[in-house]
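Below is one structure, written out as structure tokens; the observations come after it.
A, B, C, D, E, F, G and H are the chain letters, set down in written order, and residue numbers restart from 1 in every chain.
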Amino acid sequence: MTNPQVLILIGSDSDLPVMEEAEKVLKEFGVACEMRISSAHRTPKLTAALTAGAADRGIKVIIAGAGMAAHLAGVVAAETTLPVIGVPTGGGALNGVDALYAMVQMPGGVPVATMAIGKAGAKNAGIFAVQLLALSDSGLAGKLVAYRERMAAEVIARDEKLQTERAS
Amino acid sequence: MTNPQVLILIGSDSDLPVMEEAEKVLKEFGVACEMRISSAHRTPKLTAALTAGAADRGIKVIIAGAGMAAHLAGVVAAETTLPVIGVPTGGGALNGVDALYAMVQMPGGVPVATMAIGKAGAKNAGIFAVQLLALSDSGLAGKLVAYRERMAAEVIARDEKLQTERAS
Amino acid sequence: MTNPQVLILIGSDSDLPVMEEAEKVLKEFGVACEMRISSAHRTPKLTAALTAGAADRGIKVIIAGAGMAAHLAGVVAAETTLPVIGVPTGGGALNGVDALYAMVQMPGGVPVATMAIGKAGAKNAGIFAVQLLALSDSGLAGKLVAYRERMAAEVIARDEKLQTERAS
Amino acid sequence: MTNPQVLILIGSDSDLPVMEEAEKVLKEFGVACEMRISSAHRTPKLTAALTAGAADRGIKVIIAGAGMAAHLAGVVAAETTLPVIGVPTGGGALNGVDALYAMVQMPGGVPVATMAIGKAGAKNAGIFAVQLLALSDSGLAGKLVAYRERMAAEVIARDEKLQTERAS
Amino acid sequence: MTNPQVLILIGSDSDLPVMEEAEKVLKEFGVACEMRISSAHRTPKLTAALTAGAADRGIKVIIAGAGMAAHLAGVVAAETTLPVIGVPTGGGALNGVDALYAMVQMPGGVPVATMAIGKAGAKNAGIFAVQLLALSDSGLAGKLVAYRERMAAEVIARDEKLQTERAS
Amino acid sequence: MTNPQVLILIGSDSDLPVMEEAEKVLKEFGVACEMRISSAHRTPKLTAALTAGAADRGIKVIIAGAGMAAHLAGVVAAETTLPVIGVPTGGGALNGVDALYAMVQMPGGVPVATMAIGKAGAKNAGIFAVQLLALSDSGLAGKLVAYRERMAAEVIARDEKLQTERAS
Amino acid sequence: MTNPQVLILIGSDSDLPVMEEAEKVLKEFGVACEMRISSAHRTPKLTAALTAGAADRGIKVIIAGAGMAAHLAGVVAAETTLPVIGVPTGGGALNGVDALYAMVQMPGGVPVATMAIGKAGAKNAGIFAVQLLALSDSGLAGKLVAYRERMAAEVIARDEKLQTERAS
Amino acid sequence: MTNPQVLILIGSDSDLPVMEEAEKVLKEFGVACEMRISSAHRTPKLTAALTAGAADRGIKVIIAGAGMAAHLAGVVAAETTLPVIGVPTGGGALNGVDALYAMVQMPGGVPVATMAIGKAGAKNAGIFAVQLLALSDSGLAGKLVAYRERMAAEVIARDEKLQTERAS
């Protein structure tokens, strides 16, 4: 079995339905990943251990998804120099604005690459992880180009379908 | 020298002018405190060490002040069962709304008692710390009552001054 | 029957489903509490009486939950020097942002320790009350440590379950 | 000396520069008013006394100006059935949005008639008070019509001045 | 049949379910009112005519309810010197924050007394109208006191019911 | 002298410094315009008259600039079927978000074409007015293309200057 | 078959149900339009081609509807000097505030005429397009006047229905 | 001279003071970069050309900084599969919230890794670019570890200085 290159961390299994979008994309690109549950607040030591040891296990990118006062991505970024991608998973009274601000507004020195709130953000976290890995993997780079072409083709197909409907 | 009962933590000395309001109140009440600089993101291990060892050094309350994606209070709260009071220090493009959301929206299990953004919040963090300590210190309880009476007297004095001005 | 140490105040029984999260936590820790309905605006005298007499009845902490222009916690804090914890109960057109601002932005001198909007905040209000009482009750302090360990164990168990699912 | 018909309450003299706009309008209309400083949180009993006794002293309308978690108007409205007009005085980290929400979002049963944030709101509070009094004072009603005509004339004069400038 | 003293204006019948709360309160107090549909944007002339003629028909207070870019209250206030109460009816993508800002932020000179977003605001608009009329109608003033007592009694009854439930 | 094709309306001369950006652009394109001061709230009849008579005077587009609860554009749009462009002029406690919401959130049936808050929006209002007029004026259409090319050339010149600076 | 005068562009068919409101209005006015799907991000070249060629195909106005970080209208506006109308289609975690800001806050030089979030905005985009075309099409101008009269008549009919209901 | 590995794109030289923070960090790490001015709206073709040709010139990461309706990062991301980092440069009436939403809320398929608003975000964009390059450059990886240690040492030095001041 291939060693995972991407670690997806979530603080609670309530974030799983959102963050599976990232996992799905990574699988689609054939990038091995592992999804782990570890909370910034409830299991800080486990989170630090998972993060600090990540590079040695071959992890190249960490994706952290969390909601509300979402500290997970920042806490992870503090423990590693690997790139950390943050996904505000949304929900709650503030619909994810809290999580967005708590992730994106990192002070100078410790960046978190923040994606959109919710499933679109999780999907893009997966794609962005692939883009990072593709910098030194021409196979992945080629797959990204193909992925873009497929997306474009889908848009064009939908437009054609619409034109047909409107013409009839 | 008395052991400090309150630890005030700030992530950067740019938060000092705001958080000195808490220090000032504590001194006014004769409560020994220490102000330490340690960042959630830049010195996570020092922060964890300061926090985890706090109870043993006689600390009873921790006040954490931070701005932007303010994780300090939450990170501290994850490492101790002492009460943690958070102050969003404000400033930056979002004027402290980011810090407020990143502090107050803690998920269930690990509370941060959040105060107002900026100096009013820092002052109230100091008073709230005194209120906690006063639960088992009748001297402090008495000082709190006197403090309230002094505040009321000041309001009344200002009102009297205003009435005199308006009457003349 | 034990005297209550924590008074939970709500302005209307529509806040009950949210604030029962605080009650539940307190029961779990064996802390006697009473839940009272009294409004800042509809029964101001009763609210003042309940608050002013609280310390004499042995109350050590007051938790106030309210929505919209949530004045209850501030009004209570004005009548006592006991620590007051506020919970913006959420709901309404503004989803609790109104209640959050109306609670957390207290002016200097009269603090309200504000928790997250809704059920997570109510639960944390209960835990924070226990943390305050634990300052002079080593039994409670021990229970808090155990509670944290239980939370951590649950996270780890969920992670293990996830790993098993992903491996199969 | 005429008995005041309007009571202007402010919680702190820092609100004075804003609320003097209301006083100025009332003087312009020849409506006697008194400006009092009394805080919802620092002098709750004085605030309640001033409010509860207002009707008996001949007060017909109360204007309350406050900033941050502005409870003053709501606390006053809870103690009287006289109309209460609220002015979020603005300032602070949230520029008065906190005060606006804390005033306008009153729960059903106890209304606060809320004006704009800051000086425009204070001025309008004065005018609105005159509009209420004018319901049973035809002299005031006439002055209001004249005031509107003066405002319109000023706009027209400015437009004429602008046309002259643009034409030259 | 009594002449209406209060005119309730709505821009569209979609605002009816919200604004009936105002109508209900006025009926409860025995204050005759009329509910009219007239839009600031779709029937500006009718709106101006209804407003300008209101005082002559015996109307003393106008309540205007509208959503989105809610101009109705301001447009009405521009045509009369009667007191105008605004209710942001809520709904839409911005949940009534747009309507709140479009009502409450009136420039100096033409006030709109703004209530909370939605049904609570509509109810309070009705009560506030009664408070205005009660300034020169001692019967209404007495009914307001009784209304407040009834509200207080309901809160107390709910509290007693809760105590009984908790005790059993 | 040419008849104006564009009417720029402002509610107060405090909006003049912002709205002169629109005037400047129109002059640059040789489009005759007139700037008039007339308030939605203080001179509603003048505003209606200016608007209703606009088409007959040869006006083809109306630009309305206003701040706070900015009703001017909507009130104008209600009186004409000419295209109305709105500019939230900004300023005040809410920095123009109030004016933006009060302009852009027009209900179905009466559109206001809303531009950015402040000077950028005023400038774009002018350009957009030119774009409308260019639909039936090929001279203007040509000028727009030239304007775009000039803008592009300026960006390129700045980039070249920067490259030279960085290279030296 | 008539050449379309209005091009409606959407980035994804999920925006179709909203943007059909624009199409419906245009059909009602007898204005030929075409609805095309082309994304700013997924098919940038197709979007540029559709836009750049629009004027030559007889298109006079472009309506672009998009959600989230809605770049479509701005990207289109960069490629043409035809008037571009933007509709923030709403939905997502931020309910369309993101799309509104991403459309309306265009920098000086390249305007996007922004409508309300969601269906009301789409409908108004259609009406605004008709208003532009009516500048050089007196038939359309007459239809607009009739449309307004129909809208007014509907409001009046609803008011009459309400008066009848209330009277019975 | 070394080929640049990082392309920093800004839409206007007003963004230069903010984005120089990114340039500064890259220089500090010895990573060759080029700063180019090209606008999404004013020079769309140049922007597309710079982006599409970037990979061939050896560029591995693109950083795009923009304010207001900040489309630059998204437009760039649509033209390349290289990782794109976005910096909302802030300023304007909305203080950068508009730019933040217009960058971070990218729809699924085309990610933009968004940093904090303003200078802190620009600095972090530089660091994040280094983190990406360090995935295949162990020299850079070592420098990142040293950078973190230096940051930690600075925090500790400031804390020691504070302790000395407080002790004296």
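Operating definition for what follows: a contact is a pair of C-beta atoms (placed from the backbone, for glycine too) under 8 Å apart; a residue touches a chain by one contact, two chains touch by 3 or more.
All of these numbers come straight from a predicted model, not from anything done at the bench.
Of all chains in the assembly, those touching subunit G and also subunit H are A, F.
Set side by side, C-E and A-B show the greater C-beta contact count at A-B. Using mean Cα coordinates as chain centres, the one most removed from subunit F is C. Remark: subunit C and subunit G have CA centroids separated by 49 Å (rounded to whole angstrom). Separation between the centroids of subunit C and subunit H, computed from CA atoms only, is 42 Å. Subunit E and subunit G have centres, each the mean of its CA atoms, that are 34 Å apart. Along subunit B, residues 12, 42, 68-69, 92, 94-95, 97, 104-107, 109-110, 116-117, 120, 148, 151 each make contact with two or more other chains.
Chains touching one another form the pairs A-B, A-C, A-G, A-H, B-C, B-D, B-H, C-D, C-E, D-E, D-F, E-F, E-G, F-G, F-H, G-H. On subunit H, the positions that touch subunit F within their shared complex are 12-13, 16, 34-39, 42-43, 46, 68-69, 92-95.
Interface of subunit E with subunit F (complex): residues 11-12, 39-42, 44, 48, 67-71, 74-75, 77-79, 92, 94, 97-99, 101-107, 109-110, 112.
Remark: subunit H residues 21, 60, 81-83, 85, 100, 104-111, 113-117, 119-120, 123-125, 127-128, 131-136, 141, 144-145, 148, 151 touch subunit A in the complex. The touching residues of subunit F, counted against subunit H in their complex, run 90, 95-97, 116-118, 120, 148, 151-152, 154-156, 158-159, 162-163, 166.
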